[in-house]
C-alpha cells in the first residue's frame, strides 16, 4: 500500500513542512538528529495533529485538514516502535506483547512464539519492564508492535540499541513482513546499511523539509547522496537473481553486468535479491588481474568522476544496465588515467558484500 | 466481647457500614470527577473544582444544614427521591452515608487527581497506537497506574467517613441503630456526666479499626506499586 | 437537648419496663433537633433546653401545642476546679467574680449568644453588673459540657454551667449558685410533634415524665421540678 | 463594607491568619513526614503513618479534647511550653492555629507523599552521579518535581484550616478576636432561631476566600507543572 | 588511572560475576544485549551495590565489601551518560548542562561553550527536555556528563541514537579526553568501529561473566573474536606513524610492515595513529598486482587459516611485526593455494580505511 504524506506544522521554533509520496514497501526516513523524522512518524500515527495537511495510506485517508478528517489513533491499526520504548510498566513482558490482542478482544496467542523466538525474549516473558536491560526492552517493544497485527508498521530507530548479531537476526524478518505480508513500513534509521537493506523508498530530511526522496536504488546509487550518507556508507544497490549455490559455499548471482559471486546466501534459486555494493569496496584495474583472492572481476565503463572535498574520487560505473559506485584516491585515478568513457575492470571481493546488505528483492 | 456494650457495638457496626458504603458508592464518581479535573479542558472546570472542595471549606454544620435543606423530606431533592423512588435519606443510615461521602469527597478526588496527573501520557498514546480506545486505555493503562492513588483516596475517604460527625449529626441526627455512628455516640457519651469512660472505649475501637484499614491499604498500595514498577 | 441525656435515658428505661413501649433517644443540640423536625424528622417528642426553639417549631406548626408543657427546670452555678471544700454560697449582687478569677484567668461558659446555658449565664452576669468587665475574659465553648471540661481540666479556674452538670463531675465543685431571679427561668419544654407516628404513646410518656415517677428520676439528676 | 459587621470582619481576618500560619508552619513538618513515609524504611513507619492519620479518623471534638489534655496549661507539653518558653497556646489564636494545623496535617502529608512516590528515582540517581548530595538532590530535583503535590497539599490544608471547627472550639473555645474563627461564628449564628441570615453571609465570605485560594493554587500548580514537563 | 573491577551480584535470575583489571584510558565493555554491561557500569557508579566485590579506580577504593567501604555516589565525581538519557525534566537544557556545577557550588560556565559547540546544541539551551528530539536529548546528556568535570566518565551506549556525521564529530573529542585529560572512560558500545577507535582495553562480556579481556589491539586482531564481533566487523588494529602528507591528499604512514597510504589524515607528521584494517577489506594476491587502483600492496606471510561456519576463511597475516586479518572465500583460498607459511601480497584500498577507524594513538 502506498503512503502519501503532506504535513505542515510548527513546534516551537521548528517548522515541519514535508511532502512525499511513497509506493508499497518500506519507506525510510533518513536525516540528521532533529531534522523532524519522529514528528513525521507521529503525524502518521495520529499522535501529532498537523496544523495543515493530508495523510493517506493505501486507499484510506487518515488525516485531511481540509476535509476535517482525522481517524482516531486507535483505529489506525498501527504497530509503532517508539524511539524510547514506552513499555507498560505495570504489565509483564508477556502482557505487553499481547496488549494489542487484549484490547482488540482477540486473545489468541498466534504468532507469539514466533516473535518471541525471533527476538530472543523467551526467558523474559514473566518479568516486568523495570527488570529489563536497554536492549531487551527495545526488543520487547518491537515484539509488541509486530504482534499488534498492524496494517502499517512505524519504526523509529528500532534497532539502534541492539548488537550486531541481534540486528542481523531481526532484519530478515522485517524484510519478510514487507515482502510477504505486504505491511507498509515507515522506518527511521541512521544506519545506511539498514536503509539499503530494507528501503523501497528513501526520504531524506533536513531541518523539517524533504531534501530528496526517491526509490532506494536510485537514491543510494546517486553520487550526490554521498554527502548525506557519509562516504563510508556510499554505495549502489543492484537487483540480482540467484543462479546457483556452488558446493564450496559460494552463491552465484546473475545481474545485467555479469555474474556476482557471494558467500552463501540463503535464498532459493531464481529468487531476486538486492545487493548493496559499497563504493569503498570496489577497486578498479585497467587490465584483468589474476592470482588474486577477489572472485568478482567485472568489465565496466566509467560514466563520471566526481571529486570530493578530500583526496577521494567517486567513480560512477556502468555494468550492463546497472550502475555501480567506486571510491578511489585521486592518486589512483591519475595513475590509472581514468576518464569518462574509459573501460576498465571493477574488482570486488565477494565477502565485501556483507550479508546484512543483501535483502530480498521486491519482486520475489 | 465485654469491652463494649451492645449499644456501642451497634454504633461500631453502623459506622463501618456507613463508611464502607460511603466510600464504595462515591468511588466511581470520585474517579470520574478526578479524571475530568485532571484531563478535561472545558469551561467551568474551575467551578466544578470549587464545588468539589466546598465540603472541605465549609464548617461541617453548614454542610449538614445544606444537606438537610436539600435532601430532607421536604427538600427539593429529598422530596423527589421520596415520592418518585421511595428513597428516604433523612434520618436513615443512608443519609449518614451520604453525609460522610460528601464530606470525604474532596479528599478522595484530590488524591486521585494527583495520581492521574502523574501518569505519563506517552504510555497512554502507546496504548492508543496498539488499538485501545480511550476507554480501554483508561481501564488497561491509566487505572492500573493510578491504583495506588485510588487506594490512597479511598482510604482517606474511609477514614474521614469513620470520623465524620458535624455534618452527619446535623443532617440525620443521632438515632441509635439508624444514624448514631461512633462519632455521634462519642458525642452523646461526652454530653452526659460520667460518660467519658464509654467515650474513651469507643475512641479506642474506632482508632483501632481505622488503623487496621490504614495498614491494609498501605500493604495493598505497596503491592500495587511493586506490581507497577516491576521491582 | 443534649444536656438532658443521662436523666432521660434512665427515665426511658423505667418507663419501658413498666409499659413495654420502646423509647429511642436522639440527643443533640436544640437547634439541630428543631431544624431536623422542621425538615420532617421521624420524631414523636421534642424536648428542648430552650423555649425559643420550641416557639420556633410551634411557629412552623410542627408541634401539637396542646401537648406542650414544661417538664423540668434547672439552676445555674458557678463552678471551680478541684474537689469540693466548704459549702457553696448563694450569689448576691456584691459577689465579685473578676476578683476571684485573678488577673488573667478565664471564665468558661457555653456560647453566650447561641447556647441556652451561655445565654442564661450572660443574663446572670448582666444582672450582677459584671458582664461588661468579664465579657473579654469569657471562653465560650460550643456547649455546656465543653465548658465544664475546660474547668475540669483546669484550663479555666471558673465556669458557669447548669447545676445538673456539676453534680456528676468530680473534678469540679460548685462554688456558688446564681439566684433564680438573676436570669430568665431555665425551663425544658416538651411537646408531641405534629407528624408523630404514635402520638398517644408519646403523650403518655410526656404525662408520665411530668408525673411523680418521672419527676423523682429527674430530681435525682439534679433537675428542679416546675413549681406551679 | 456594609456586608459584614466589624465583629464578622474580625472573625474573617482571624480565620485567614490562623489558616495561613497553620499551613505555613506545618509545611516543613508535612514535607519531612511525607518524605519519611514515602522513602524511609525504618521500624515504626506504620506507627508514624497511623499517628499522622489520627486527626482524620477521630471526631474533631476528641482531637480537641486530646489537644487540651496535651497542650493545655496543665498538660505535659503545654506546661513545659508555658514555663520554659512562655508560650501559651490555650485560648490564644496560636492554639487555634495549632488545632487547625493538626487537623489539616493528614491531608497535607497524603498529598505530598503521593507526589513523592511518583518521582522517578532514576532522576535522583542521575543527580547523585553529578555530585549532588542527598540534600542537594532533594532541593534541586525532588522538590521541584513534587512542587505541584506540595502546593496541592498546602491548599488542602489551608482550606481545611479555614473550615476547622470542632477541634478548635474544644481546644481554645470561642473568644472574639482571639479564637473566634469564621466557622465558630457561623456555628454560633446557627444556634439561635433567625441567625441563618448572618450565618449565610459568613458562609459566602469564607467560601469566596477559600475559592480564591483554590484558584490561585490551581494556577500556580499548572505553572509549575508546565515548568516541569517543558511543554 | 587504572580501573580494577571485581563484582558479584544477583539480579533476579541473572548472576553477575565479573573480574577485570584495565589500564589507563578507555575500557570498552562489549557484549550482547542483556550480558550485564549496564550492571557493571552501575556498580562502578555506585548505583548498584554488589553483594560482594571490590572496585578500585586509580588509587581510590570506591567499593570493597570485605572492608565495608562504599564511597557515596555523589562523592565519586562521575560523568555518567545513561542508556536512557535521564535529563531533568524541570530544568532547561542549559540548567541540565550546568547542573553539576551548580550542586558543587562552582557556577562558572567554563567549557560550556566548547561542549555546546561540539554537540551542536546551541539553539536548544533554553528548551526543556520535553521539547527535544531523541538524538538531541542524548547529546545534552553527553554534554551534562562532560561538564561535570569528572574524574571518570561512564558512557552507556552514548552514541547509539546519533547519526553518523554527529558521531564523527564527537568521537575525536572523546579521544582527546582520554589522551589529553587522562580521564578514564568506561564505555559500553555495540559498535565495533567505536570500540576500535576508542578502546585501550576491551572487556567482552557474556551472560554476566567476562568472556575475554585484554588490550584493544590484541583483542581486535584475534581471529577468535570474529564470532563475537561479527564477521563484518572483524579486523586488526595497528599502530602507525605519520610519514608525510602528499600533495594529492594522500597521507603516508609507516608501520612495521611497510608504508600505508591513506586518504588525508589530520594529524601532525610524526604522530602515532591507530588504524583499523577490516578483514574484509584485505585482498590477497600471489603475485604483486599492477594497474590497479589499490595503493597499498604489502608483502605478507600467512600465519594461519581459520575456516568459519560459512564459505569464508579468516587468514591471519604477518606484516613486519604486525598482525593483519583477511577474510576471503574458501574458493579463493583454494585457488590461490594458500597455506600456513606461504608468502603473498595483501592488497588494501587506501579508502577502505575509513576516517572513523583512525584514532589518535595512545603515545601521542
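Think of it as A, B, C, D and E in the order they're written, each chain with its own count starting at 1.
Note that in this section a residue touches a chain if its C-beta (ideal position, glycine included) is under 8 Å from a C-beta of that chain, and two chains touch if they have at least 3 such contacts.
Note that this is a predicted model, so its numbers are computed, not measured.
**Q** Using the touch definition up top, find the fewest steps from chain C to chain E.
**A** Each step joins two touching chains, and the minimum needed here is 2.
**Q** Based on CA centres, what chain would you say lies at the far end from chain E?
**A** Relative to chain E, the chain whose C-alpha centre sits farthest away is C.
**Q** Taking each chain's centre as the mean of its Cα atoms, which chain lies farthest from chain D?
**A** A
**Q** So how far apart, in whole Å, are chain B and chain C when each is placed at the average of its C-alpha atoms?
**A** Centre separation, chain B to chain C: 35 Å.
**Q** Report the inter-centroid distance (CA atoms only) between chain A and chain D in whole Å.
**A** Comparing mean C-alpha positions, chain D is 60 Å from chain A.
**Q** In angstrom, rounded to a whole number, how far apart do the mean CA points of chain A and chain E lie?
**A** Their C-alpha centroids are separated by 26 Å.
**Q** Would you give the residues of chain E that are in contact with at least 2 other chains, written as numbers and ranges?
**A** Within chain E, residues 84, 127, 131 contact more than one other chain.
**Q** Please output the residue numbers of chain D that touch at least 2 other chains, ranges allowed.
**A** 61, 65, 166, 187, 190
**Q** If I count partner chains per residue in chain C, which residues reach a count of at least 2?
**A** In chain C, nothing touches at least two other chains.
**Q** What pairs of chains are touching here?
**A** Result for touching pairs of chains: A-B, A-E, B-C, B-D, C-D, D-E.
**Q** Help me check something: in the complex, which residues belonging to chain B touch chain C?
**A** Touching chain C from chain B are residues 61, 65, 68-69, 72-75, 90-91, 169-170, 172-177, 180, 188, 190-195.
**Q** Please name which positions on chain A make contact with chain B in the complex.
**A** Contacts found on chain A: 45-47, 72-80, 82, 84, 86, 88-92, 99-100, 102-104, 127-131, 144, 148, 154.
**Q** Which residues, counting only chain C, touch chain B once they are in their complex?
**A** It comes out as residues 2-3, 5-6, 9, 24-28, 32-33, 35-36, 39-42, 143, 145, 164-165, 167-169.
**Q** Please name which positions on chain B make contact with chain D in the complex.
**A** Against chain D, chain B makes touches at 46, 49-50, 53-54, 56-62, 65, 106-107, 110-111, 114-115, 117-118, 148-149, 152, 156, 159-160, 162-163, 165-166, 182-183, 186-187, 190, 199, 203, 206-207, 210-211, 214-215, 218, 225.
**Q** Of all residues in chain E, which touch chain A in the complex?
**A** Where chain E meets chain A, its residues are 11-13, 31-34, 37-38, 83-85, 123, 127, 131, 133-136, 138-139, 156-157, 160-166, 168, 190, 192, 229-233, 246, 248-250, 261, 263-264, 280-281, 283-287, 289, 291-295, 310-312, 326-336, 347, 349-352, 354-356.
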